[in-house]
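Both of the next two complexes hold subunit A, though its partner changes from subunit B to subunit C.
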Partner chain A sequence: MIVLLSHYGWRRVFAAALAGSGALLLGIVLPMVIRPAQAERRSTNEDFVNYASPLELLFSPDGSRLYVLCQQSQQVRVLDASSFALIKNIAVGGVPRGIALSSKGDRLYVTNSWDDTVSAIDTGALDVVATWHVGAEPSGIVADPNAAHLFVANRVSDDVAVLNAQTGEEEKRLAGGRGTSYLTLAPDGGKIYATHIYPNPSSRRTGLENRTAPESEISVIDAKRATVMDRIPLHSIAGVFHLAFSRDGRLGVVVEYHPKNLVPLAHLEHGGAFAYTITLFGTMVGKPVEVPLDELDRYASQPFGVAISYDSSRMYITLGGSDAVLAIDVRRLLNFVNARPRPASGSYAADLSASSNYVIARIPVGHNPRGLALSADGRRLLVANRLDDTISVIDTNTLRVSATVELNRQEPVNVLRRGEQTFYSAHYSFQGQIGCSSCHIDSTFDGLTWDLEPDGFGVDIVDNRLLEDLRGTEPFKWNGGNPNIPTECGPRTEKYFWRSENYDDLTLSDLTVYVRTMRLRPNRWRLPNGELTAAQERGKAIFERSVDRFGKPITVENQCSYCHSGPKGTSQKSFDVGTRKATDESGLFDTPQLANVAMTAPYLHDGSARTMEEIWTIFNPADKHGRTNDLTKDELNDLVEYLRTR
Partner chain B sequence: MMRGDRKLVWMIALLASTGAISLPVFVVGQKAATPAVATKAHTASAAKQNEELPKMPLFRFDNFTTANGLPDNHVYSVLVDGDRIWAGTENGLAVYENHAWKTYTTKDGLAHRAVLSLALDKRTGDVWAGTMGGLSRISAGRIDTYTQMNSGLSNDVVYGVSVEGENVWVATAAGACRLDLRTGQWTLYNERNTPMIEIWVYGVSATPTKVYFGVWGSGVLEYTQATGRWDKYEDPDGETEMVLFKDQGLIHEIVSSVSYVDNILWASTYFGDSRYDGRYWHNFLTKDSGLPSNFTNSVKGVDANRAWFCTDKGLAYYDGANWAVYRPALAGGKPEMTVRDAKGHVTRVAVSTAPAHNYILGIDFQGDDIWVATAKGLSHGFRQH
Partner chain C sequence: MNSISRAVMIAITLSALQPVGALAEQRKVAAGADFGDYIVTAAPIYKQLAELRGEERFPAGARLLLVHNGKSEPLVPEFAASVDADVSFDGLWVMFAGKKNAGDPWQIWEVNLQDRKVRSVVATKTDAVRPLYLPGGRLVWAQRTANGFELESTEDARRREAPALNPTAGPGITPLTYIRGNAFPTGVLRDGRIMFEAGFPFDAAATPEIYLVYADGSGVESYRCDHGRGRWGARQLASGDVVFTHGSELGRFSSPFAHESQIAAPAAQYAGSVAETVAGAWLLSTRQAGQSHYAINLWNPKPVSGAQIAKLVPVLAVTGVDLVDPVLVGTRARPNRHPSGLHPWNYANLLALDARISRDGTLRETPAEVRVEVQDANGRAAVAGKAPVEQDGSFYVRVPGDRPIRFSLLDKKGIVLRQERGWFWARGGEQRYCTGCHAGPERGSENRVPAVLMRSTTPTDLTDLKMILSPTRGGQ
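Up next is the complex of A and B:
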């Protein structure tokens, strides 16, 4: 148990194995593979710690209570807002992500992202009084001021569900951006603003979709009519998180990632990986304008939460990768964007000196700060440090942390927690620019293709892949070049990504365990009873067939189930499936696992297929990626339906 | 007639009707559709007209063309969306709002410049556009496009589209299909899993209970949502050039559109039109109705008894007993309105405006007003009485 499993006990063993692994190849591979596996068993079973992982914070309307959404313990913790004494723990559903109060404050709503449900909590009794089903991976949630509707952002189904606020019955879904996740109600209650974490797919086929700047949007919903009324474009943005308004509604701000995935990541030291920015909109700024949060030699990595003070003088932004909160002087910010001619692009993202005009403080807090909440008097800013199980209390006068509230005082920091902290930290990269989670947003992916290697512009473009349930899918990288996760996350990452600081052995072992134990989220396309629909059954038969529709045998290596074999859908071998581009060093590519393949578009090694259909309708002319050109359109649809269940 | 031949004939008919070419009137295999007004016109005094004339809607037409903002004069489809008017043209999707036109093109992500059909999802406000190159969803300015290459859409030539609940039903040149917006699943309907013989599906009308498909050469297909059962309605005499059994079934198998309203099916064909109440058929031909032509591009039911017919020789309205026809005169183009009462008496009504052209492709309703897609512009009919 803790003794055996204690962080340092097994880490020493693993570190010793790592340290002694330099001489022989076997000596490298075996300890790396075996030791983490042993550690995982301990960590996930015996060493399980029920961390709170506070993600979002919310004050009650009278300011007397603080609702803390705890993602890992799957609770809402109700605290006294002054003393932070626990009033009650309320159990909710799986992996809760969003929280909102009704306009009267009598109901608290929580989205349970892995259960696909919403918990309705009576704030008088502090009990869950109803659980309602919604779309796939519900995330953000807001209640309209008239108490008629609840709006729920569904991350996997890319939409906003409109529920009857009284019965929970879903009335309709509105098309959001890809990975719709966060919702904000405008101060006048008339509009709801939705953001999304993955870029929207290119609507036009140009042949260069995988090499064009990402496009995102803010979807503006008419709260009364419950229809999308506008979409504010966010050019070159992929990864959009919380949004906030000034009290008068004249200034809106949204925090976002501005990836620079079209240039080789080797240019990280030239600012070539990410800018972290905000886009301002509303009558105070006229046309939307993007401004950076980064400083000349220090990045504001992975912004997540944002709040504007009631007097509109300050803006606060949590930086999940920098473990800090930024304070911005709004007057100076507005002066910066309004007092000079703007670039034609409407973006100052490339100007790393810009932030010195308006960022007035960078306040260190705990690990992976996420949600924040301002007290009604504006004097206290509370910040949820997700990977510390703490809440930082910031004095807004001094812009310093005045207190730290521990939610899980007695719990040790175990391997998984340290690994997760490392995963989300930008500490190791040059000038704190990126962490693993910059591209693997919330431990998933980012929907982008990257030019990772220092082999020239546009060479060996690779699609980002889902990290969940990786055990048994080695090797890694699209060229199969990394035999295991320690290699993938260690020397490769340090050399090509961080360009600044390496992990020590213990840190790498923690990270390895965390990555290898990421759970696979529920598949939304399987029937609840596990059976397949008729179309999925037909698709499965196609996937497993050995004879084509003309009765001719399909060679073994050209059968879907040969390369995509086993429970994970990968033979762990590389094949040439005819997708090599002139810019690829090789035509041999690692067989990707199929787990939750439906949510990981784009496809193929370089993301050139926008949809699964395009893998075969466009990129398989010679039947090298399986025998598929004999299929009718019906049959291809069936095959896709089956793959979506994997 | 082979499918390609039929398409060619249709295109020739379109060109002929727009004046691009001259053809004898027998080109599509039908007898010359002589307007009823020419054979049964009655000379009547103005007083008598007022006394006996059925009260049919009178419109003042304002016409939109490229001269005042339309991207193209060939308007294939029209959709009323509150105060917004969508026009599917040969050169883009135009929307009229606040007295100004805006056009979406392929540069904006539209599947193809030629927009053949339009449907409104009333719950979400999204507009679905069927084009010659795929299906597009226009949602608050964002366009998402589905093609046979990037999705499960059966074919890129989308003749018809209809939204029912979470389902988008699509009529294409290679069968019909349904997109389930909740799951993203496409289901195809063609000769392999329905009674469809031809797979050239021209129109679709979907409701929560029934979905009807108008199939070019294969009659009308009926899909019952609760049971998944398919039924097929064909021309009982099977004759292309003549009608042997007039009210005993669908008037003809070359069906150009369907409209299912108040549990009544209205079907248009290139050889007359039909109404079906689930038990009885009633057919309409020029010789025994107020139809100006048997060649009907589309029909749109108002309710169980009233419908609008878009023909190659004018726009016709049927109120259950009487008919009205609105068009520029076939000879000379002078605005013309005729009313045919239940007894077959035809009366001219003095009008000063008419739809932009007699070749009518589509219609939609805005309160009492109508919007009409024609081969030479889009027309707004302001209801006068």
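Up next is the complex of A and C:
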């Protein structure tokens, strides 16, 4: 049921509907329910609820329809763009993440990230007319203006697939950044810009990769030739999301996280854990320049979506962790970056007072705002509030929420949803700087190593780990110090991460349930029938072997399958595998689970191994991390192939 | 004036503290503004900022008045003097500093607003003033010590069988400030930090300034570093902004700005903190030029139209009496509790990411060493030791906790390149980094491993008490 909510009451809704859509629409809009946008409805029934979880929004070319990509209900909801009345629900594939229209608007494409497919929807019939296979975890998608190709960002295979737009046949893959996720077509249609959510691995070995600032990039693709033509470096950035252009294409902007993982996480004030920033590029700014969104006492946590108004006067950014939308005056922003000598680094990220020069409003919206869309007349900005199934309608003149469209009025808020809201919220941390999802992007990880304070400065550097399928992998932390999730997420998090009062016990329980029930994403290295390839079979044998290639017995504790035992690949015990560094207080480390280990680089407790191969080729000289020095290169490759199937 | 004659004077003066004469009209003017009950401090003499100089703010005594429907009455009539009201988050209790007898030191008490029963919260042999409720059942106040007024904190004694005795020496008391000088809490921010006022620089008491400290005494810093005219009476608004006064003007700290913003307010002398009503208006203690006493006024900070500002609306005045420190009675948002992460050490580890960075200008020359000084028991500077400064400007030192310390940056010849203007402290068990030396809160950290941590993760130990006992030699 679609319900139009208003902060100004029934009469205004009635008047707006009448003025905007004609009296005929009223019958569709009704019944309306007026409630405060943020009112919380707690359920007593904790059964599974199929929430909509709107993630992305898209207007049809004529502006009459709104396509809402609903991630959890796995649908595209087609709404009347004026009344928000439901026209049709279209079922798509698993965990849809990206949405795009063909240049003519006759096809709507949806990426199904856990099915590794693209759904092609006929926008006349509003039916799925084709489903095409693509790479691992397709995310962002765009269609080129000539209707020749579709470009699909594959998050797990770190590339951009180029599909024939008519047949869906994959023609080639283009290398993207690690965790390639979002694509934007330049206004002239000539280029496609790809971003990625995990930092790129260091291209050469220095021995200090885990103590070096992360690097990301914008991959620039020639849309006609389907080749990568440029890579715009984003220094010190890990976590790059949507990108937008001014209508004339002279100004580009991308939203991003600027972590402080190399500085001891001793406190949060003064941007202690993150700066949340945008990088501007294009002819309006010359060399790319990074500017912050944060303030001295309040942070713009987890920016995700971005749009520039058609007259290029305003920029809008959704803040997934702050439950708000930022409005930026573009003229003032350009004046800020162009009217003074820039820092040599090209970054103002360390200046927490910079945003006072260009941020003009911070507009509260619903939980975890993500995608946004400007109406054709530019008067309305629509924001998808993923975790309360609503769309905020922002009046771009007043910069206030004028109405809230509710997609699932009947659904109560259950334990899982409350837990997920908590996971993605920055409200519990000091000055709203970080939430769980700041480091566990989309409930995964961030590819970074952090210097946590309790152990001392520069001591016990730790790699961030994937959260999926945690049940049965306790204890937590690399030193095995936390016996369960409530301990991990409760007192420890309050004291050493949030640095502020934590959630109450009920909320902690909700969060715990959510974290414990995170599903394991499909493993892309297994064959569809579940069998192993010949190389994987050989690797499995190595993993389980008890004698080395010379026929000598391998002690039990030095066999891979001893520590990495059981279905999750962990004995849940700590061992010394010879990886202790001078800065580590102990050589005993918790055995990490192997679930989806292929996608969780870097490796080892401190992230010092860039690849799985390096675990053994560099960091296992004495065979303390399993007997591996007897293996040939091919055998080691087989072992890695097998591990990728875990 | 001896204590008996002072008590008589207080009694005579306070007997006239009922609203009189023209006040009836003033209340009528303000009748449209429904902000409920409030409490003010009434005193024949109010010496603004006297406490920062170690003097008495109310030398002729003072009394808290509860104003209900425009009528005022003493909040705790059985007390010879009462000041510094703070209403509990649930709106049911008022904590205050009071003297049962005129000759008593100021002590901390709490009165129940329903039955008016009073209980002792903190009983000491010296003055204890400016109590504030903290989340988590704690409170903070200013305690007179040999070093001046210091902030102290403890659990609310409501749950104790007996009131805390001599808290400076008693168990369960946490001193929050460790400087020689006077410091007074003025409010608790929603993020849990305590705002307090003291002289800038610390110990010099030259200019009143607003500082912040966590509820465990760690993380002390200036609210902003655009030091200039004196600021006091800071109070946080619902918007998160902090409003304070310079005496003749009001100023504001807002989250986006590294510097204060002026508030276009009516020309007047402002006595101190504002009390924000639910509707967003402010209760203020002001007096006009030529007037000798402060009265309570209501003011709407939103411009009437364009640049035209609203006028002050008289609310309460008493002839011959200053009315100051208005506090609204009612529920209010509880600030966040600060989860202390202090380690069980008597020292602190301090890391400078780049000591060259400062609001005063970045040093072109990388310092060779940092010298750490500690104030000894007599207030004299003593050198705790020196530590190397790396090429990237970083240094890492272990310093004595809970003592006044300060840094000086030295060149290769030992000449001071830059020195902190005042003293500060780090709590025992505190681990903290600073971006630069007086870099200001607007300066965030760069994401890089400081060179000093690449060399060693063990801080240079400057906690040798033998060294600290040596007085500073030579110039600074």
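Please note the rule applied: the second predicted complex is superposed on the first by the 595 of 646 C-alpha atoms of A that agree within 3 Å, B and C clash if a C-alpha of one lies under 4 Å from a C-alpha of the other, contacts with A are read in each partner's own complex, and residues count from 1 in each chain.
One rule holds for everything that comes next: a contact is a pair of C-beta atoms (placed from the backbone, for glycine too) under 8 Å apart; a residue touches a chain by one contact, two chains touch by 3 or more.
Given the structure is predicted, the values throughout are model-derived calculations rather than measurements.
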Which superposed partner A:E256 touches (first subunit B, second subunit C, both, neither): neither
First (subunit B), second (subunit C), both or neither touched by A:D606: neither
First, second, both or neither for A:D351, with subunit B first and subunit C second: second
Touched partner set for A:E453, first subunit B, second subunit C, both or neither: second
First, second, both or neither for A:N637, with subunit B first and subunit C second: first
First, second, both or neither for A:N502, with subunit B first and subunit C second: second
Of subunit B and subunit C, the chain that contacts the larger number of subunit A residues: C
Subunit B/subunit C common contact set on subunit A: none
In the complex, subunit C residues that touch subunit A: 135, 191-192, 219, 240, 255-258, 336-341, 349, 351, 353, 396, 431-433, 435, 441-450, 453-454, 457, 459
In the complex, subunit B residues that touch subunit A: 106-109, 123-126, 137, 139-145, 148-152, 154-155, 166, 174, 181-183, 185-188, 190, 192-193
Contact set on subunit A toward subunit B in their complex: 135, 157, 171-175, 200, 203-205, 217, 219-220, 225, 227-231, 525, 535, 610-611, 613-614, 617-618, 632-634, 636-637, 640-641
For the subunit A and subunit C complex, residues of the former touching the latter: 211, 213, 236, 258-264, 266-267, 269-272, 275, 292, 294-298, 349-353, 355-356, 359, 430-431, 451, 453-454, 456-459, 491, 494-496, 498-502, 583
